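Chain naming follows the written order as A, B and C, and within any one chain the residues start at number 1.
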Amino acid sequence: MSLWEYANPVRFLNLSARVLPVFWGLAVACLIVGLIWGFFFTPDDFRQGSTVKIIYLHVPSAMMAINAWVMMLVASLIWLVRRHHVSALAAKAAAPVGVVMTLIALFTGAIWGQPMWGTWWAWDPRLTSFLILFLFYLGYIALWEAIEDPDTAADLTSVLCLVGSVFAVLSRYAVNFWNQGLHQGASLSLDKEENVADVFYIPLLVCIAGFVLLFIALVLYRTGTEIRLRRTRALQAREGRA
Amino acid sequence: MVLEVRDLSVERGGIPVLTGLSFDLAAGQALILRGPNGAGKTTLLRTLAGLQPALCGEISGTQETIAYSGHSDGLKAMLTVAENLTFWAEVFGQKGIDRAMKAYALEPLAERLAGTLSAGQKRRLGLARLLVTARPIWMLDEPTVSLDTQAVAQFAQAAQAHLMSGGAALIATHIDLGLEAQVLDVAPYRARLDAKAGASDEAFL
Amino acid sequence: MKALLIRDLKLAFRAGGGFGLGLAFFLIVTVLVPFGVGPQSELLARIASGILWLGALLACLLSLDRLLALDWEDGTLDLLATSPLPLEAALSTKALAHWLTTGLPLVLASPVLGILLNLPGAGYFWLVISLLLGTPALSVIGIFGAALTVGVKRGGLLLSLLVLPLYVPTLIFGAEAARRGAAELDPTTPLLMLAGITAGTIAVMPFASAAALRVNLR
């Protein structure tokens, strides 16, 4: 029994029906525990006060924003090489989730940045990269929506995802270069992970686990929806010609 | 045999249209495709021309030998008749468009912009393109649309000459061209829906 | 390939081919900017190189959706795909034609428009060099977007949405090189990066474009 067995849509649906409740349950549990622990049972930071607590939303969502794109890239490659429909549909299903994660990261970042830096937005390399990532997501989703034939759409979006990934990485370096080029030695450092103390660290890990599980559950659920849509379409196409 | 097709299935929009097609085409032979609208003649020709992948089956002999002509002629309105033809001749690595101009009586129109031609004249120019490609196998999708009787005769004559010189042709048409040709009715090959023909979306059923 | 290049150039120069539209658009953008930001010379001098780069990029974008769509509509792409010319070569040639009719005129016009925006004297040379190095990448990346959206009716807006994020690295390095040149700093690093991106895209993008076009043709 190989992993590819689950590339069959029907088998995938059966499996995901069995594991979905588990993922939903674990995701909700982790998020409740992590967020409550993080918000109410950790001390205020001596420099940043209580604003630091937004880290429990900001960091996990930012991580998932990038991971979702990586997952889409892998799924696109699998579709292009092995032509498993579930893979293409999973990439399609992950994109809106990735967009929401990116938006959460951007908004919580702005809310955090306001009291810390005195501004909602700065053209810091990291912030800018996320904005660009957001644009890539929008283009990817728009292309899926624009093309009627599902296989053509899957092929084209996969190619876009591949090319987009290369350009996203290029943009990341370009943006780094660009901002240093503008004002030497930016005063705002966003490297949080290094200066996070242990008290904050464990609930953060729980929250990250919660976001990962939530992402998996959402993608499984949405992929199931996409599979059923394709099934409806396949049946209708045959009905029309019978 | 210049073209061999074995057990071919073709699809449109992820759904099989024709299955189990097998035929041969020898040098000097023509094959007329017939069948009602929507039977899959265009899809078959596009598949054979390599524009879309076959669902299953084998096609051999189509490597760099096909001159395809579809519903549109690939003409540029802002180029003259001669320029349009010369362009395609050069793309196919050929020189000289005189023979093609003559075969379809296009000489008087040589300096006209293609955009100012009538539909029938455009079609003649599109068919003349086949002659400048110097490819042995013609694959034509409804070549006589909007042609008058005289132009149809010109086409039949050009096709006859092509066959005589060792070429082959696969033509989807409803008109009797007066060519000596086999006829292939595609209707019996219509794909059955319950068949496991290898359609892209079968996995979802 | 030569035949295709000549044909595309001819088509661009004849009536309705759209040659010069990009240039006119570039001029209008440049004229409108001072209305938007105010006529102060120092301010304009500081943003001139960036504005000119942005204007060139948008002018390039403007002509992209006709690049393949016209050949798609009249069946030329089907016939090209069955011709001895590989699609990769055909698309590279079309990108070259696009650059010659859109990118190159923009490069040549940029110093004149630089005067309108008070570009400092040291900036002209580097502006032209950076545009010369960067605009080919804009054409090559653009044709990828055009190949993706060729089957979409009214794909112009979608094309912009897909292509603009891909333009980010080129814009950043190109505008940075021009800006450094204008500020009498050393523009070597961004210029090298820009040249690298252009070389890389010219080498690789035609394959992605041809793959996308093949999917659309089927």
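Heads up, the rule we're going with is that contacts are C-beta pairs under 8 Å (C-beta built on N, C-alpha and C of every residue); 3 or more make two chains touch, one makes a residue touch a chain.
In this text, all values refer to a predicted model and were calculated from it rather than measured experimentally.
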| Where are there more C-beta contacts: A-B or B-C? | B-C
| field | Central chain (by mean CA position) | value | C
| request: Taking each chain's centre as the mean of its C-alpha atoms, give the chain farthest from subunit C. | output: B
| note | Chain-centre distance (mean CA atoms) for subunit A and subunit C, in whole Å, is 32
| field | Whole-Å gap between the CA centroids of subunit A and subunit B | value | 48
| field | Length of the line joining the C-alpha centres of subunit B and subunit C, rounded to whole Å | value | 37
| query | Which residue numbers or ranges of subunit A touch two or more of the other chains? | reply | none
| query | Mind pulling the subunit C residues that touch 2 or more other chains? | reply | 218
| said: Please output the residues of subunit C touching subunit A within their complex, sorted ascending. | reply: 144, 148-149, 151-152, 155, 158, 161-162, 164-166, 168-169, 172-173, 176, 180, 189-190, 193, 197, 205, 208, 211-212, 215-216, 218
| What part of subunit A is in contact with subunit C in the complex they form? | 132, 135-136, 138-139, 142-143, 146-147, 152, 155-156, 159-160, 162-164, 167, 170-171, 173-175, 177-178, 181
| query | How about subunit B: which of its residues touch subunit C in the complex? | reply | 46, 49-53, 64, 66-76, 78-79, 83, 86-88, 90-93, 129, 133
| said: Which stretch or stretches of subunit B touch subunit A in the complex? | reply: 13-15, 193, 200-205
| remark: The residues of subunit C that touch subunit B in their complex are 2-4, 7, 10-11, 14-17, 71, 73-76, 78-85, 217-218
